[in-house]
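Take a look at the structures below.
Shared chain: subunit A. Partners: subunit B in the first complex, subunit C in the second.
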Partner chain A sequence: MVQVAFSSVGKDFGKEAVLRDVEFEVPSGCFVALIGPSGCGKSTLLRMIAGLEHIDYGEIYIGGSAVNHLAPKDRDVAMVFQNYALYPHMTVAENMLFTLRMARCTREESNNRMWEAARILGLENLLDRYPRHLSGGQRQRVAMGRAIVRNPKVFLFDEPLSNLDAKLRVQMRAEIKRLHQRLGTTMIFVTHDQVEAMTMAEQVVILRDGRIEQVGTPIELYDRPTNVFVAGFIGSPAMNLLGGTFEKVHGQHCFVPQNGVPIPIPPGTLVGSENVSPGQKCLLGIRPEHITLPGPGPVPEDDETYGEIPAEVALVEVTGLDTHIVASALNGEITILIRGRFDTVAGDKHLIRLNFPLAHVFDAETGERLD
Partner chain B sequence: MAYPTTNSASRKRHVPRLKFRDERIFYYLALGPTTIVIAFVIALPIIYTFALGFFVQNTLIRTWRFAGLSNYSDLLTDADFWIAFWNGVVFTVGSTAVATVVGLAIAILLDCNFRGRGPLRALVIFPYIVPSIVVAFIWKFIFSGRGILNDFLSFIGAQAVSVPWLGDQRFAMMAVILISAWTWFPFAAITLLAAIQNVPDNIYEAAALDGAGPVRRFFHLTLPLLAPALMVVVLIRAIWAFRNYDMIWLLTKGGPIGATEVLPIMAFKEAFGLFRMGHASAVSVYLMVFVTLLAAIHFRVGARLRQAYDTS
Partner chain C sequence: MTRVPHPVQKQALRRNRQKIPVLKSISVYGGVFLLLLLVLFPFYWMVTASIKNFREISIERTLIPREVSFQNYTDLFEQTSILWHLFNTAWISCFVTVVTVTLASMSAYVLTRFLTPAAEWIARISLYAYMVPSIVLIIPFYIGLQMAGLVNTHAGLILSYLSFTLPLGIWMMRACFQTIPKTMEEAAVVDGANRFEAFFLIAMPQALPGVISTSIFVFILCWGEYLYPVVLISSDSLRTITITLDALTGGGQNIKFGLLMAASTVATVPILLIFLALQKHLVRGFASGGYE
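What follows is the complex of A and B.
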């Protein structure tokens, strides 16, 4: 069943369109992440679901009925704000009870629901504290508690983790995910952090300049980005994009980088490239983790699915778990990610291998995927 | 890193060191001049007034007689003193309440988004910057027997209620309260507007999602969150109102028949009308005690509220 649906939703701020033709559906109980760079309209879209922003075009449906003209309180959604928006003059318990008081719940029912939420979030010992006495993580939990007690159809999260330090963020990430598994309620989560989106969400919606670029599972986004923007946005370090054309050279299908030496592509390994007309400008996208250096890694010498190109190491970054190498090759820079340690220094020359079956081909002009 | 160390060491040698063995001496020296000025312009007159209260002194015939506590004790049984005291209470409560309520309403209005908000915000300040004497003339003109208000009343056919507002014992206090509130509501409005703008928007958004309509948002959020600012406005206004002299003097001189006579007016009349300096001083000392009490409440309650309703 569809819980939240968008039908050609749009919004203008003055003359500027901030959202255009937004169209997607959120299945009931699904955890959806809205992700995109700053100013892409993701928070505005979330606020439109909540009723805090006017919907200029199109319609938003919650639980099957259009909510365009409903007040925020009548939409049966709860929202967790980036800076928590707790009521500073109320204790933790009062913060959570406020919505139930407004709904004129009985005292007993309110208390039961408040205690239940407090138990789920581990807030039992903080109920008589004021928000100013709480740490960031605790405030975050209270904000979630305030959302939970209402038992809404949809939870909305507006970058709830961005005010927390890195360690707490990872912890709260897991907590929100666990909460979702436990409650099974539809959740829509806005973030600009792709790791949050990839790790938490079942569906990810990527927005840019007010338009949806792609909707899919995290794996779909990673494996089959529909365009250059998504390809570059998902994955860290970002995907390498090499400009060039696909041509037949001496009877063999090759990728010809700009002003570079043709790289032969073993037949059948790069599906997208085979339908490209000769001379058409393309971008060959390859993730840093799909490039290997001889030596470590499981690449057998005679594996024909790899293309080899010469590269000179420019920079080596060791994270402990991985080694990131920035190398100059094909008249540009290529980032390579190697699992584990790799002993090399700037200036070293290597033959690097591109794993063509995992590479992507995009039209250089439209940026769209070609297969 | 040897270079910066030697550099800072050599620079240190050129810094003239304070010669004071004890830092406190420096503080006393720094505070000394201010303390002396305060002693002369504030403490001395207070002590002098307080002492004058122990004497029966007539400035006209220049007699001095020690009277012990009689000036102070006489006042406590003087009906006029208590009438002036209660008039002061009525004036203070009335003008503070009107100024605060009107100020709050205007502050909420000015926080809304509408065309012409900027000029209106500037305009609201107007009554506050007009000198008392001008205010008094404007309003005397409006409220006089043949003033604009009565013209208006007869225009709408209500001649029966037209009275010389400031000259009628029944209405004089009300008129003085309204005029005084008119000069003070901008202070309340601007202070409260600043406080309202300090409340983050998304607290209201959260409340809207939590099911609170505009009225409940006002009573459950705006009002409690404004409590510290309201307290400041109310108490400062109350302190100023209770010791207000100029506006009432300019409008009614405490009349008619003492209807608007408050303690500062009484003190003035005792001193410069009846030339009874001892009496006047005793009235002033009582006035000072009442105002000091209000100020003490202001500092106590204000500090506690600010701490309790910290929105950060």
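What follows is the complex of A and C.
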């Protein structure tokens, strides 16, 4: 069952279109992440669901009913704000009870629901404290508690982890995910952090300049990005994009980089490249972990699905778990991600190997995927 | 190469470093003392003069009263209706303060939350309205209130007071609401509150320091207002404290200094007590509201 649906939704701020023809559906109980760069309209879209922003055109449906003209309180949604928006003059308990007070719930029912939410989030000992006496993580939990007590149809999260430090962010990420598993309620989560979106969401919606670029599961977005923007946005370090054409050289299908030496592509390994007309400018996308150096990795030396190119190491970054290598190759820079350690220094020359079956081909002009 | 100071130079440097805070403290405390002297001396003079006799006030002009006498206070309460006038002033000031703070809070809230593009202009216009001197408005006010039959009534006086307290109140409350994040009211609206509930239950409690400082300001303005009551009020029973003080000057011919100082002390005490009681909130209000 569809819980939230968008039908050609749009919004203008003055003459500027903030959102254009947004159209997607959120299944009931699904955890959806809205992701995109700053100013792409993701928070505006969330606020439109909550009823805090007017919908200029199109319709938003919650639980099958159009909510365009409903007041926020009648939409049965709960929202967790970026700065938590806790009421500073109320205690934790009063913050959580506020929404039930507005709903004219009985005192007994309100208290039961408040205690239940406090128990779920481990807030029992903080109920009589004021927000100013809480840490960032505790405030975050209170904000979630305030949302939980309502028992809404949809939870909306507006970048709730952005004010937390890295460690707490990871912790809260797991807590929100656990909460979703426990409650099973539809959740829409806005973030600009792709790691948050990839790790938490079941569906990810990528927005750019007010338009949806792709909707899919995190793995779909990672493995089959529909365009260059998605390919570059998802994945860290970002996907390498090499400009060039696909040509027949001495009867063999090759990728010809700009001003570079043709790289033969073994037949049937790079599916998208076979539909490209000769001379058509393309972008060959290859993720850093799909490039290997001699030695590490499970690739046997005689695997013919790999294309080889010479490269010179320019920079080595060791994260502890991985090694990131930036190498000069094909008149540009290529990032390589090696799982584990790799002993090399700037200036070393290697024959790097591109895993063609996992590479992507995009039209250089439109940026669209070509397969 | 780093130049290492000679031990003697080191000592001199240390001495200089010690001297600077001492000199700074002396100059700061000296300045504060002078300022306090300037501000507090008139109060001291007022209070001491009120308990001196005529000779000490007008002829000997002693700094410290040689003989303490409360005769001026006894005469004041017997010869004038100062307590009644004090009551008039108090209730009018309280009423105007409550009306001003209520209307100004609502107007300022609307200005900061809804009329964003026009808000700056409206706020400026309200400030300019406050800057217009009362003397310019007094004749039109008098004519208007006379036509409405409100001359020599407290209602007329209250209306005239509101003409200058409201613009000031709106300006001050606007500065206060600007510091309160809108997201809390948005959270309240999503939590099921309507706009009024979001305003009264969420925004107003946070605007409390601003409300207190605005109230004190408005109250002081009303308490000390002279021009409107002197022009609009003629009956003795409707007078406010400033007219009582004016009457005691005897038109400059026969100033009863003892009585005048006693009356001034009586007029100052309530406002001083209110100020002392709410001083902490006033400072907080200024700090949060950016009234500079």
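Rule of thumb we're sticking to: the second predicted complex is superposed on the first by the 371 of 371 C-alpha atoms of A that agree within 3 Å, B and C clash if a C-alpha of one lies under 4 Å from a C-alpha of the other, contacts with A are read in each partner's own complex, and residues count from 1 in each chain.
Basically, a contact is a pair of C-beta atoms (placed from the backbone, for glycine too) under 8 Å apart; a residue touches a chain by one contact, two chains touch by 3 or more.
Everything quoted here is computed from the prediction, not taken from an experiment.
With subunit A as the common reference, subunit B cannot sit beside subunit C without a clash. Look at A:Lys15: by the touch rule set out above, it reaches neither subunit B nor subunit C.
When the shared chain is aligned, subunit B and subunit C each come close enough to touch A:Thr99. Shared-chain residue A:His250: touches no atom of subunit B or subunit C. When the two complexes are overlaid on their common chain A, residue A:Arg132 makes contact with subunit B while staying clear of subunit C.
Judged by the touch definition given at the top, the superposed model places A:Met79 against both subunit B and subunit C. Residue contacts after overlaying the shared chain place A:His69 against neither subunit B nor subunit C. Of the two partner chains placed around the shared chain by superposition, neither subunit B nor subunit C is touched by A:Lys167. Under the contact criterion defined above, the residues of subunit A that touch both subunit B in one complex and subunit C in the other are 50-52, 71-73, 77-79, 81, 83, 85-89, 98-99, 102-103, 146, 150.
Those residues of subunit A that touch subunit B in the shared complex are 50-52, 71-73, 77-79, 81, 83, 85-89, 98-99, 102-103, 132, 146, 150. Taken together, the subunit B residues at the contact with subunit A in this complex read 200, 202-203, 205-213, 216, 220-221, 224-225, 227, 308-312. Those residues of subunit A that touch subunit C in the complex are listed here as 50-52, 71-73, 77-79, 81-83, 85-89, 98-99, 102-103, 146, 150.
Subunit C contributes residues 181, 183-184, 186-194, 197, 201-202, 205-206 to its touches with subunit A in the complex.
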